[in-house]
Amino acid sequence: MKTTTRVAKVSAATCTAFTLLLTSCIYNRQSAIDPAGPQSGRIDTLWWSFFWLLGAIFLIVMVLTAMTLTRQHRGFEQEPLEALHKASEKTEARLRSVITGATIVSIVILFVLIVASTVTGKANSELQNKKNPLTIQVTGTQWWWQIEYKMGDPTRSLVTANEIHIPVGRPIQIRGASNDVIHSFWVPNLNGKRDLIPSRITTEWLEADHPGAYRGQCAEFCGLQHAHMALWVIAEPEDKFNAWLEAQLQPAASPRTPEEIKGEQVFMNHACIYCHAIEGTPAAGQSGPDLTHFGSRRGIAANTLPNTMGNLAGWILDPQTIKPGNHMATIEVSSGDLQPLLEYLESLK
Amino acid sequence: MKLTTVRNASGLAICFVVIACQRQHQDIRPSPTQLAIYGDAAKEDALRPGGPVSPQPTVNNPYNASAYDISEGQRLYNWYNCSGCHANGGGGIGPPLIKQHWIYGGEPANIFDTIVKGRPNGMPAWGGRIPEYQVWEIVAYIRSMNGEQPRSATASRADMIQPSPQTLVNRTNDQTK
Amino acid sequence: MPRIREEAVLPRRASYGWALILLAVAPLTAQIQNQPDDGQWPMAAKNYASTRYSTLGQVNRDNVTSLKLAWSFSTGTTHGNEAAPLVVSNTLYVVTPFPNDLYALDLTKPGAPMKWVYEPNPSPSSQGVACCDTVNRGAAYWNGKIIYNTLDVQTVAVDANTGKEVWRTKLGDINLGESITMAPLVAKGIVLVGNSGGEFGVRGWLCGLDAETGKIKWRAYGTGPDKDVLIGPNFKPFYAKDRGTDLGMKTWPGQAWKIGGATAWSWISYDQALDLFYYGTSNPGPWNPEQRPGDNKWGSSLFARRPETGEAIWAYQISPHDIHDYDAVNENILLDLAINGSQRKVLAHPDRDGYLYLMDRATGEVISAQTFGYVNTSEGVDLKSGLIKMNPTKQTGYNTVRDACPAPPGVKDWTPSAFSPKTGLIYIPHNNLCYESQAVQANYIAGTPFVGMNVRMYAGPGGNRGVFSAWDPVQAKTIWSINEAFPVWSGALATAGDVVFYGTMEGWFKAVDAQTGRPLWQFKTGSGIIGQPVAYKGPDGKEYIAILSGVGGWSGGVVSGGLNAVDGTGALGFLNAMSDLGKYTTKGGMLYVFSLP
Amino acid sequence: MRASQDIYPQSVDVERDVEQLRNSWRHPRGVLGWLSFTTHQAIGTRYIVTAFIMLLAGGIEALMIRTQLMRANNGYLGPERYNQIFTTHGTTMMFLFAVPVMEGMAIYLVPLMCGTRNVAFPRLNAFGYWMYLFGVLFLYWGVFTNTAPDVGWFAYPPLSGPQYTPGKSTDFWAQMITFTEVSALCVAAEIIATISKMRAPGMSLNRMPLYIWSILIQSWMIIFAMPAIVLASSYLLSDRTVGTHFVNPAEGGDPLLYQHIFWFFGHPEVYIIFIPALGFVSAIVVAHARREIVGYTAMVLAQIANGFIAFGLWVHHMFATDLPQIGEAYFTASSMMIAVTSGVQIFCWIATLWSGRPRMTTALHFVYGFIAIFVLGGLTGVMLAAVPLDLQAHDTYFVVAHFHYVLIGGALFPLFGAFYHWHPKFTGRLMNETLGRANFWVLFAGFNLTFFPMHILGLKGMPRRIYTYPPGMGWDGLNLLATVGAWIIAAGGILFIVNFLWSRKNGEVAGNNPWDADSLEWAASSPPANYNFEYLPAVTSRYPLWAPREQRGVVTGLATDRREALVTTLMDAEPHHRYILPGSSIWPLISAICVTIGFAGSVFNGWYITWGAIISGLAFIGWFWPKRPLEPAHD
Amino acid sequence: MTDVQTIDVGHLKAYDISNQDPLWWGQFMFVFIEGAMFAILIAAYFYTRLRMDVWPPPGDQFPHKLLPTLELIPLILSCAGTYWASEAAKKNSRGGMAGGLTLNIALAAVALWMRIVEWHSLNFNWMTDIQGSYVWAFLGLHTFDYIADLAFTAVLLLLVLIGRCGPKQRLGVHVDSIVWYFLVAIWIPIYVVIYWGPIIVETQQ
């Protein structure tokens, strides 16, 4: 069955590649040409104009090149090429003028492209002049994302990880920072990428046009687990976003069931407490992702796995097999402790 | 140091190959942790009442001389706040770790014991929480502070402001002795 | 901040604390403040006003050159001896650093033999949470009891005559990183005690204990909601920036205030007339400012409170969002000065940020704030708004900041100043240090340090690391100053003989002319001096000067802790500036008492 | 062709001269002798062979990469191994294959095309090769001891710095750079000296073949660009081994400075690789279209302009680092300028083919393939020059596709074409045309199958350098396609090897000038004698072998009893003086070994710099120590 | 068959001690490479410099200027020796070459000694901070080249003295002179950067 699927996939992909470049790109949750915001929209427009224009040039050049084979010697048959190895002065002059003309045309086209590109870049930078921006600091870390909502009011500042919620239609300022090596923040459906460089703060502006979940991924090689450093940007209507924000600002839910209570104790009595923070408990470690509302997130291990209890169990027991080289300690949790721990963590909605 | 001598002696050494292999090994999938405490792994005192005894079993650091694990140790040294008290080896709240004299013994097993069990004058007991393999990585890093790891396996510096510009010169000289 | 400073400050502060406690012991205290000196030294700062001024004038600028060692006493501990000895009823009491033993020495007999010793046996593990050496800054005398704190967060009261323990109260938990190094002050029968541990992510507090029973009457936290901070309807800060509800919570991100520092690890002064006591809180934690956006109230703030209830009357945050670890814990000297023609009740607070704040102690208004050392981290204090203008190019953070002055120990750390009413000058032992730093992520693990800063300190402009200067609080300017190679980490003592005493970290105990700063006399003690000098009248009627010698503390850790100066970031960066101290002094712990022959 | 009296002037004694030339240019015997060769044919061949072995190694690594990425969550290579492999792949291809193979071709062809006997500094040439070889061995020593670099061929700090990459792997990489840069600089210097001073009389600058122009420009680019990578790799190495702070932001260093310096080298590096390839194309087009190039002057100027512009657009590798917008606009414009200068050359070739009589040999097939692929790669390059598009495409598979189109299309295809074109000169035998065409079509199909889907992958958000990807991203099918393509490329590579091996024994004997080509190398015998020409040719036109016989000339009067060549003037190539070329010597090898001890040892211990310098100094003294008898003084 | 045209070069010199020789070109190329490297290094120094708010970094002394400035005197004068030797090489004057090279080596050695004395007085090294890294890179690279060329010159002098000095060696003397001129010339900007760099661009405070 798997083979069948693969065969199907192969044929689908072949079609995609060679016949339907356009349609192949319509649905994608991490795609540069499926824009969900004004920034990526403009880039998308720019891309397609480049695509058609340069594609036409490519075709013309290819046709001309092919014609050197099919129409060889037309107009030159009479000239004694083999003897002299050159054409008449007249022909040479004609060729030279054609080349000159083609060169001028290419310069003009390039000029147009430069203008188009600069105008798009300028238009994209206009977003920072829009009112009521929301500032989110994204700190790249080997190999996950720390997300901080920077409100003017410190009590409304929020720290979370690997998942950004944004209100639709509001400009978002991403302040990029890095804790260790260079990473790159990239959510293609919303905007281009921006490197996160230690010792610098880089900024990027983005905005979502319509609600949706957009995947992003680290785009600058950052070591062993560069491949497993993904994040979600979830664009929501303003009211939904505000509700989310309010919920996130609350300390972690207290454990209710006996299992959860035991799970909390397990958490506090293992190395978990050294690296992770759960607001409202003594756990305030900063080295790992903040887990205050862990249960509400889509993925674990920087979205390496979907956030399910089974995956979480695997992750806690053997993180180094799932994501070799990552910085989560391999700790020993006894079988009796594991289930309560899982229930506790998943209860942190 | 010794390794340098070996290298000098053998010129273009085939032993480079071996050394490189070992130093470069990245054990990123540690064996399951046991959290065993090597209580009797190493004695702090050379004195044995009742006359000489047969040699003590010594527990060796499985991560000795491994560049990857020393660097992991350095990361954990900061993550677990060792640096809070012992700074980058110079000490402060806790005693220095760059030194010749160890209060509770400087063998890897002693340092392991110190971390796991704690010491009465303020060293917390980390056993039961920090996984054993990470303790050994920290031990490897601490030993590297004193030049007790091959230089080819230790980092020349970290990406932060450096411990001490003036005296690092001497430290390097010491290491090359 | 508190912890760090503690080490440095120990000797003088201790004296101050002792003095305050004694004063608090009811009728006696009032007398000390207002009546001619009886030659005793009942609290670390000598009196509630914290002037460290002795009216004894036997030793004066003419005869001080013939000052001789009368006797000495070993404290048996070689960590930073920061305490001020107390002298009450012909007995001298001295508290040692950890293990915080209390010795009573009989001054009536030759050589001052030991009367008794009290050993509180604090938990040895508490040494692991003492940020900057296991110091103790002294005791306080109250109503027949010597009251002091132990490193493991306990306050004990000991019968002054017999050395028997009267009560003992546990105030906190070392497993959360708490400790106490301050000298308590007893006001109106309330023992005022604050915790240390601003470098360990503790939540700072100041407790009021019943001096007779040791029961906790109230606890005022340094952070959190108003009810925890004991801010009530009578709370009237002078400046708008300090007004509002629950600022101790709302100026912090999330729950960070719960581990936000703002301890009270240093001096307390008490004004009986206004019935207010004054103290400063330490830095907010962690030091790494990127992890705590906001003003971080009430870190690095001055508080005026009522002793019985602990209720806050006013507060003034000196360093909002303290990024340089400039705690506000330094002493507050209570003075009555003629400012611009009118007599005002003021409080002089030489802060670590380099400004000497002269404030109206009834209202909290800043009358003047001028720098008394080299400062480039800020550009002045706006007296209208009470806000300090920070220099944006010296904002510490994840990017390295270089050449920020003063360094975290400030232009002046806990090392208490003295005020002489005869000269009208404040004598300030202080530092001249700059630093470079880089924030790193601070990971909170309860009971371990919570700092997040790599620091290297070094000598400021001029190359001298210490200064001893005389400051005119009315004109707000330095009158004279003496440069010292090492930070001046001892307290100061001014006497009616127009002589000012202080010690250096090389071990010199010095006397200088109170008017001109001319060096008059010096004596080399066995170890660097970070203690607080005191003066007392012996049973023989002679004036004695006493000082503890024994280097240590934050600045002297390189010697007392055997630290390795290869790592300049050690001792929170102080090692870099002190790497040569070991060439000048060794560990010690000795009380020296001097008199004229 | 055998030397025969009849084509030369009566005034010379051809028999005697050839006999003496054979003697004085004879290779020494034995293993030691083999290690002492200094003729450019020998060294050039060694370069080419070593580089092709590196191509094979890099190709195998590429296959491993593609196999790992064949399907989502594949477990064939773990992240450690994958990172090593892709780093080694990039490093091998850029530093150990592409540049050296172009140098090797140049070393072989330039003296022949210039009409002289050897390169200007034959021993330096040998030294350069040994350094290159030791660089290869050094890196692969690391690869086989699990010490392969794993931080990308660009090795950005801080990831490549002492804190985040412990161990010696990156040191191996950085020091390998030193080896190759020494080698490349040696070659560049001697090529420039050869082209500037040793051209055949009459070969004035405006008569130089376009290939010679391209190599001259490439060599100058090496001279300008390599010092930057010397610095970048030294920054990295000294930070890693002795704790300097060049890239430590905390102490005032700057990781972005490394990027600036690296790309100040790194972008021209690409042109260093494909400008010679453009020279190949020009040579092949002229020879196989059987007509003079259209727009010689335009071609030369365009190439020179390419060389200059190449240094002005490095920042387009760094658009995502948040640089000031005004700078971005400048670098967009300069990056697009390259399209004009490259376009002019494409137009000229098409015009030449259009108006010529193309003979559809395998070499010309590769030229046509080159045009198709390179134009597409160039156009995607124009897209990447636009900042907004680059911000999306940067560090995705779109870029992977782009630069493989440019580099494989722009350098590898011409190289294969050149190999088919010059193989008869190298070996005396033609390669099999049928196999050759099969080789071309398989390569061409495999190439497009591999790399075209990557454009789409990039747009669909697949970043570079990830060792795996989750299923359901819409990447699976395209990746599988690319992997299949990669295996087809491998099949093409095997066809090439088969053809090469077959032709060595069974290829048609070529004769001096099988293609009736125009340039001087075809006047020498196939394979050329060690001394290249019995009598150095003199030149009166751009296409000397197409010139009427009465316009051809030869040089007489050079000593034949020793290795002697003619020095001519820079612009007009007037004879100036004679020049004694050094003979075979073991000293270059000894020197290279001494330098290698210093370089390789310094990775482990800084003192090796000192010891290496001392023994290298002694070796150089030995190298230059005058042997008796001293060369005669003629004046 | 018709004879092809013949160009007889038998009358031309077998060597030429001038900038027409390929060896001169090769040497020039290497000088060029070194120069480009130092140029980039100087640019990088100022780039770094401008990114720092305080320069030199705290704790670093300002380098002394007296000795390095005095060092310029023997250094520049040594070029005279080089010039003398290279002219003598063209004229095949052994005495001139020996004298010139000796003068060159003697003055260069004095300058080197002065440099090393000054070097030892620096209170920072390559590990101290970024200025240390750059200064040591400048000093290290230049001094390495300097000593290497000095050694090479000494070998040439030895060859001249023992009489094993054919045209090739004389050409060597001539070609060596460009390297020396270069080393002296490039030292001047390096000198400016190392010793005056800390005060060229005003630092805050």
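Order of writing sets the labels: A, B, C, D and E. Residues in every chain begin at 1.
Everything below uses one rule, namely that a residue touches a chain if its C-beta (ideal position, glycine included) is under 8 Å from a C-beta of that chain, and two chains touch if they have at least 3 such contacts.
Owing to the predicted nature of the structure, the values given are computational and were not obtained by experimental measurement.
Under the contact definition, chain B and chain E share the contacting chains C, D. Note: the chain lying farthest from chain E is C, by mean C-alpha position. The interface carrying the most C-beta pairs in contact is the one between chains A-D. Look at where the CA atoms of chain D average out and do the same for chain E: the two points lie 31 Å apart. Inter-chain centre distance (chain B to chain D, centres taken as mean C-alpha positions): 47 Å. Remark: chain C and chain D have CA centroids separated by 72 Å (rounded to whole angstrom).
If you average the CA atoms of chain A and of chain D, the two centres end up 36 Å from each other. In chain A, the residues touching two or more other chains are 180, 198-199, 224, 273-275, 287, 324-325.
Each of the following residues of chain E touches two or more other chains: 52, 57, 59, 127, 129, 132. Within chain C, the positions touching two or more other chains are listed as 399-400, 436, 438, 443, 445, 454, 456.
If you check the complex, the residues on chain D that touch chain C are 249-252. Residue ranges of chain C in contact with chain B, taken from their complex: 3, 124-132, 199, 400, 436-438, 440, 443, 445, 447-451, 454, 456, 557, 561-572, 575-576, 579. Those residues of chain A lying in contact with chain D across their complex are 6, 9-10, 12-14, 16-18, 21, 24-25, 27-33, 40, 42-43, 46-47, 50-51, 54-55, 57-58, 61-62, 64-65, 67-69, 71-73, 76, 81-82, 84-87, 91-92, 95-96, 98-99, 102-103, 106-107, 110, 113-114, 116-118, 120-122, 124-125, 142, 176, 180-182, 184, 186, 188, 191-195, 197-200, 202-204, 215, 217-228, 304, 324-325.
For chain C in complex with chain A, the residues that touch the partner chain are 201, 249-255, 259, 291-295, 398-400, 441-446. Residues 80, 141-142, 145-147, 158, 161-164, 166-169, 239-243, 245, 248-251, 597, 600-601, 604-605, 607 of chain D are the ones that touch chain B when the two sit in their complex.
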